[in-house]
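Each of the next two complexes has chain A plus one other chain: chain B in the first, chain C in the second.
And then the complex of A and B:
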């Protein structure tokens, strides 16, 4: 069954078909009729997950520009999980908030198809097209609640800055093409290896411009200005989706471009990444401490996590290799769980996302408070959660690669960040306050999704070897 | 030699028009100057033996997209800026804008340094074969539907997403009817 030259496209096609089905279902939906459109998305995502599992170890390539190597498939797996959890949470939220289901699911699935394409792309042009598919859908999702001015503002800011960063990225591709005469990553890599000793200023320029484009998408300081506003203004469920999916896909493409194509120039780009990683960890953590809005606080936390990922990219030695993908997986489930709790606790007219809204949550919603606590502790990196193992391996890799400075900054900022995560926990458990305006009931699907996410956090935290092994073997396919 | 002269003519035209675009108080003038800039770019493409790209540039950018621009400017009825305002007021007042200006200058310096210090490109920039074959429309089509087939097809998804997005953000909702 899997022997044609179209193999690598199959996971993407599954998701695109699901998106088209969601669009068609919305078109044929009678007025006021309810349709299980989310279910179509689930089917498509499960199909994408199954086909990626079947493609495992086959190194399928399509059209020469798309490679389903284990690295791409591992990230696809993460993205499929992100998509499934997001759909499960969405079923809870869409009707409550008056978000049009057909359009929402279609855009979300299109965005996911772009993300998967980005993770598998072996050609800078395809990376760019995938980046735009992903981004444009996410810009719209950010502003999908047209009745909220702050959502529109967030969407507009995100769009303008995103378009600006795309221009940088495109300029970088142009210079790369000018130097190498091709946009294929493997061909660029060979060419760079052949002439790595020559200090070609055009290559440096191209790398710098591409770096700006990627760093914008994973909100690295100083390209993070849009993040707090976009994450706060968007519906919580969309924030959860974009803070995990967009980041995972963009980081996968970043790692592939810089670790395979520009690997010979590592001595040139490593110092830049060092500075960016240090800045990102420090600014994300320090500014995060001062936030009173939970979504904004988690936005800064996700900026800081981008910094940890960069540390992993920089110290991609034997230990670090596995750490990158493991951290990506751990961060994705954890952050999604946290935003899932925020999403189900919101109401149509009030987000319930201020820190004080969470006072006394333990007394009114013990289950949700516990789940939130687990995900916050995992974000902070406390054992026995996924976040702890992820950070442990990242810092161990940094130390063994000789980046002591970054490891120290990383540990210190983690300690500071625990303070603001614990502040929420203290709010939930110690304060006593009757919460008004919280939704009365959380349905089965939302709770099931939360339970799965929490189970994954503990699984990755207590029995990480299997996934670590898988991650190590996956990333070894790209370098 | 005349080709070099033509290059500098078109280049000066493109840069000059682009600089004037951001200096205009009347948005309508900006749009018209942008058309001039695109036209000059098309001239540069012709000098590069890429007539197809030049024609596409005129039809798509100077034609279709600029008509859209003009419509938007007219529909939004963008107000003319105050004629007495100091054009550099923004740079003088705001600290952050000043930082941005400095960064932009740095980028300009970087770009010129990189482009000037390149002496003969190392990579296989010469696409091989004579220019007439490389720039011919059939050859362009062949490359587009073989080497860049996937990117071409993926672009259709991109356009679909943009359409759905525009409808979602601007269309009428069921509950608003």
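And then the complex of A and C:
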């Protein structure tokens, strides 16, 4: 840390260096030679984690456009955990499915660097650049199984709709600049506070466009159309990564833009978020019930979880503040664990991701069935898991902020969602195996990563106080 | 609702201008179509074959690489002009940018994207690799 103005970029630089190293290693890899490229990624991510821990409470800012405040660092922490777990899951999946390791890790790390940048960005244009760094790498990752037509289709759909949403986002930035004369979030915030009472249609237009751009990324209904196809077509390991990392990063930027810069206009944007949150929870849950493919079902479940996050954003009072970041953390580890199990159970030519593939899993793979059950229960929000505490705080915040309607919708959809999570559990424990052909063995590394994720779910579910305090203190740095 | 007035005027003017121009040319323009006039324009030559031909994927790869280095030049020129004002900090930044691009270039080179012949392709070449 030679110069204080470079401090905030250190975590990003660590990840970028690891990505470049992965790319260079792949370039010089001989034919058929195996290299521990994943290890490079782990080193970079651990370095990023350590440097963000060192930056804690220091409020470092780089070049005015990146701020390593505690909010950004907390999200960075979540992203680092997501990255490390994904790498641990990946090592055996890559070899089994014939995914090119160098490209995979390089893209994943580049995407992570964009996510971290997005969590720390203090300028709308930097948010946009970060969004593109993150998204373009994820588009490619979605279609990295080039021998599978559905992966290519998913990648293409995701790319087209992503590009479309970027246009909305850019237009929003343009209008914001037109109103405020700057793209810096802190400056915008001051300006908005000064003229908050003025009914300026341009501000509404700017907020609307930015909101649409963000909502695409966190797949809020009615901007969720790409989600089921992209999540189903992508390899399970990539789906786990993008359903947690992309969502966490985009939501962090969403929260920062709307809770700090556009906070004075909360009376204008709150009703829109109310409707979006309600729609997202209802559609995500109701359509999720009808799915027979596990990845597709979890895609709808992740849409519904986006709705709960929006409830948290809306009711960001003293309780809600902590709830947002805590929920992000809980959702990230839980969803990653669920997709980790799916990834581990897949085979090269067969995803093994239909619901019926899970029949009788308890008899053939008791450990995996148990792990899957825990993560599904946590997604459903049953105690004593992380998902329960997360939902508890979100709904408590909604009630204390006076959003009774949303709280009721949230609880009802949670109850419905438990139905389709439990359906998988019933399949695993009470049905007999109908189709043969589950994969042979699971490596120690994958199981270790799963065990870590499950431990985190229980830790967050049973002893949440520490993380909740941390979350509450981190988010208080932005508003 | 004052602020919206500008929008309305702008939109009406924009759409209206385009509509009037197209409408006028439809109403007033003479039309004497001949087969030659209706043929696709190909620099005055008679069109050969279908426009939707399959190209080698290498064209796209080269086009993408060209774009990247084009952008690099677009950054280098302004930097070179402002070299003295930007000082060492600017130099280090451009060097960093250049190093990152170089890693990408080495990767592309080693992967055989720049090998044009029908032979001389490396194993592990992304264009060649099959599912097996």
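Operating definition for what follows: the second predicted complex is superposed on the first by the 474 of 479 C-alpha atoms of A that agree within 3 Å, B and C clash if a C-alpha of one lies under 4 Å from a C-alpha of the other, contacts with A are read in each partner's own complex, and residues count from 1 in each chain.
Just so it is clear, a residue touches a chain if its C-beta (ideal position, glycine included) is under 8 Å from a C-beta of that chain, and two chains touch if they have at least 3 such contacts.
Treat the numbers as computed from the prediction; the structure is a model and nothing was measured.
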Superposed partners chain B and chain C on chain A - clash or fit: clash
Chain B versus chain C as contact partner of A:6, first or second or both or neither: neither
Touched partner set for A:63, first chain B, second chain C, both or neither: first
Superposition-derived comparison: chain B or chain C, residues of chain A touched: B
First, second, both or neither for A:201, with chain B first and chain C second: both
Which superposed partner A:24 touches (first chain B, second chain C, both, neither): second
Which of chain B and chain C A:404 touches, first, second, both or neither: neither
Touched partner set for A:191, first chain B, second chain C, both or neither: first
Candidates 41-49, 95-103, 113-121 or 131-139 of chain B: the single one with C-alpha clashes against chain C: 113-121
Footprint overlap on chain A, where chain B in one structure and chain C in the other make contact: 16, 23, 31-32, 98, 100, 103, 200-202
Residues of chain A touching chain C in the complex: 16, 20, 23-24, 26-29, 31-32, 98, 100, 103, 147, 199-202
Interfacial residue positions of chain B with respect to chain A in the complex: 110-111, 113-115, 117-118, 121-125, 127, 147-151, 154-155, 157-158, 160-162, 164-165, 167-169, 173-175
Contact set on chain C toward chain A in their complex: 1, 3-4, 7, 100, 103-104, 106-107, 109-111, 122-124, 126, 129-131
Residues of chain A touching chain B in the complex: 9, 16, 23, 31-32, 62-66, 98, 100, 103, 106-107, 110-111, 113-114, 117, 123, 125-126, 129-130, 132-133, 136-137, 139-140, 143-144, 146, 155, 178-182, 191, 195, 198, 200-202, 204-205, 208
